[in-house]
Amino acid sequence: MYDLIILFTLLFLGYIFGQMAEKKHFRSLIKREEEYREILTFAKRFPLNNNADQKAELVGGNVVISVDYFKRFVATLRNLVGGRVTTYESLLERARREAILRMKEDAKQKGLNAIVNLKLETSSITKGSTSQVGAVEVYAYGTGLLSSHSL
Amino acid sequence: MDFKNPKIPEGINVSDEHPLKNFLYLFLGVVGVIFLVLLILFFSIGFIAKWIPFEKEVEWAQSIGASVERNNKGDLLQDLVFPNEAETSNNSIEDKLRAEKITAYLQNLSDKLSVAQKLPDSMKITIHYIDKPVINAFAIIGGHVFIYQGLIDVINSENALSMILAHEIAHVKNRHPIVALGRGLGLGVVLSLVTGVGVDGFSTSIASHINLLTSLAFSREQETQSDIDAYNTLLEYYGHGFGAIELFSVLLNSNQSSGLPELLNSHPLSENRIERLNKLGTSIVDKCTDTKLDCSVTPLPSFIKSPASK
Amino acid sequence: MIVTNIEIIPGRRVIKHLGMVQGNTVRSKHVGRDLMAGFKNIFGGELVGYTELLTESREEAVDRMKQQAQAIGANAILNVRFSTSSVAAGAAELFAYGTAVILE
C-alpha cells in the first residue's frame, strides 16, 4: 500500500516538474536558436567556400539530460506493449538541439561564423547495472569556419 | 553558391499527444491485460490441478520435504511451514511420548473419518501434531494435515475435533491444496514476468515462494465446500452434527475470526458458518428432540489436552 | 595545432600524412554527483555535473591526441572523430582520434 502511495507521489512530482522543465526548455531553445541563427550549420564534409575561408577549428557542445520519473514509468509500460515511446522522443530532441546550440555558442566565442561537417553523438548514461535509459548525453561537434559566405 | 539555414517548424519530431492521455491508455491497458491473464490463469490452473494424480502430489510433498531436510535437521515439515520456529525442540522425553500418543490418536480418528467421508483409497491422510499454542489447523499437498495443540485446547468434545479433521480431510479430498499451490505459483510466475525479474531470478523467486505457498489460504468457496462435506461426514459418523456447531461457537468465542469483514477474510465468519450449517441440517436441535436419535457427545480423552490448560 | 573534423584545411595544403593519432580517458563520476543525479531522475532536467565532467574528459582526450600529434611532429589533425562508450556501470570512456598531418 505504501509502495503504491510512494509510486503515485513520485509519478505526480515527476509529471509536474518534468512538464514544467520541458516547456521551459523548449521556449529557451526556440529563443536561443533565433539568436544563433547567423551561425550557419551544415552536415556537409567540405568547407563552404574553399578560398575565402580563413580559419578552421574544431567546435563542440554537449549536454546530459535526465528523464523524469513519470516519463520513465510511461516508457517502462510502453516497453511491454511496444510502439512509439513518445516521452523519450522529446527528451532526445531537446538534448540534440541543446547540444547543437552549445556548439554554436562555442563557435561564436571563437569568432567563427559557420560550422560544417556537423556530427552528433548520443550515448546513454546508465546508472547501475540496469540497461534502462536514465539519462542521455548528446555531443555535437563540427569544424567551425570563419567564412565569407555572407559577405 | 548561396548558404542559408531556414527555420524548421516545431513539432515534427515531437508528437503532440498529451502525455497524461498516453499514460492513461498505457496504464489501463497493461493493468487490464495483467488482470485478465491472472484471471484466466487462476481459473484454468484451478481446473487443471484437479486432474493431477494424487500420487504426484505425494511425490512433490516428499521432494520439497527432502530438499528442506538436507539443509535442516528436525521435523522437516515443521521446518517447511515454520522455518523460524524450527529450533524450539527442547522437549523432554515425556513430551515426545505424549506427542506420539496424541498423533497416534489423531491418526486413528482421521482414518475412521476418512472411511466415513468415502475418501478414495489412493489418498492417504497423514496427521502432524504441533505442540504450540496456536489456534489453527491446515492441510497441504500430499494429504498432510497439521493440527495445533492450541486448537485442541479450546474445544471440549471429540465431535468438534472430528469436525476439524473432517474439514481438513475434505480439503484434501477436493484437491484444494494443489489448486491453491497451482494458483499461487501461477500468480508468482506472472508477477515476476511482469516486474521483469528475468530468467535468472525466476527460479529463485519461485523457490522463495514455496514456503509461503504451502500454507496459502484457500478460497472462501473452498472453505464453505469443506464445511459442508465435513458436516455430512459428522452426520455419517456420529448420526448428528453437534460437533460442527460446537467448533464454530468455540472459534467465535476465542476471537479467531480476527474481526475482519467477511469479504477480506479467507475463512467465512464463524457466525455465518453456524448459520449456514443450521440451514443445512434444518435445525439439528429440533431433530434431536423429535426423533429418538442418540445426540450425546463423545468426550475427548484426557491426555490430549495440554498440561497447562488443565 | 589545428584540429578539424573535415578532411582539408581551407587555403592550405597537406605536405605529409603521419597516420592516426588518438587520445582517450576513462572517467567515473563520484558519489555526490550520483546522488544529485538520483534526484534529477525524479524531476528530470539537465545533469549539470555530468555535463561538466564529460566536457572536461573530452578536452583531456583531445589534449592527449594533440600530445601524440606533437610528438610525431605534426602541426594539424584532420578528420577528428569522437566516440563514447560506457565500459562499466558508472564509468565512461571518451575517445578522440584523427589523422595527423603536416601542413605547408
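Read from first to last, the chains carry the letters A, B and C; within each, the first residue is number 1.
Note that in this section a residue touches a chain if its C-beta (ideal position, glycine included) is under 8 Å from a C-beta of that chain, and two chains touch if they have at least 3 such contacts.
Predicted, not measured: the structure shown is a model, and the values here were computed from it.
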A-C compared against A-B, more contacting pairs: A-C
Taking the mean of all protein CA atoms as the centre, name the chain whose own CA mean is closest to it. B
Can you compute the centre-to-centre distance for subunit B and subunit C, using the mean CA position of each chain? Integer Å is fine. 64
Between subunit A and subunit C, what is the separation of their C-alpha centroids in Å? 18
Determine the centre-to-centre distance between subunit A and subunit B, using the mean Cα coordinates as centres, and give it in whole Å. 57
Sites on subunit A at which at least two other chains make contact: 49, 71
For subunit A, which residues are in contact with subunit B within the complex? 15, 19, 26, 30, 33, 37, 40-42, 48-49, 70-71, 73-74, 77-78, 80-81, 84, 86-87, 89-90, 93, 114, 149-150
State the interface residues of subunit C toward subunit A in the complex, per the touch definition above. 2-11, 34, 37-38, 40-47, 50-51, 54-55, 58, 62, 80-86, 89-90, 92
Could you please specify the touching residues of subunit A with respect to subunit C in the complex? 10, 13-14, 17-18, 21-22, 45-47, 49-54, 56-58, 60, 62-69, 71-72, 98, 116-117, 119, 121, 123-129, 134-135, 137, 139, 141-143, 145
In the complex, the residues of subunit B that touch subunit A are 1, 3-5, 7, 10, 13-15, 17, 19-20, 22-23, 26-27, 29-30, 194
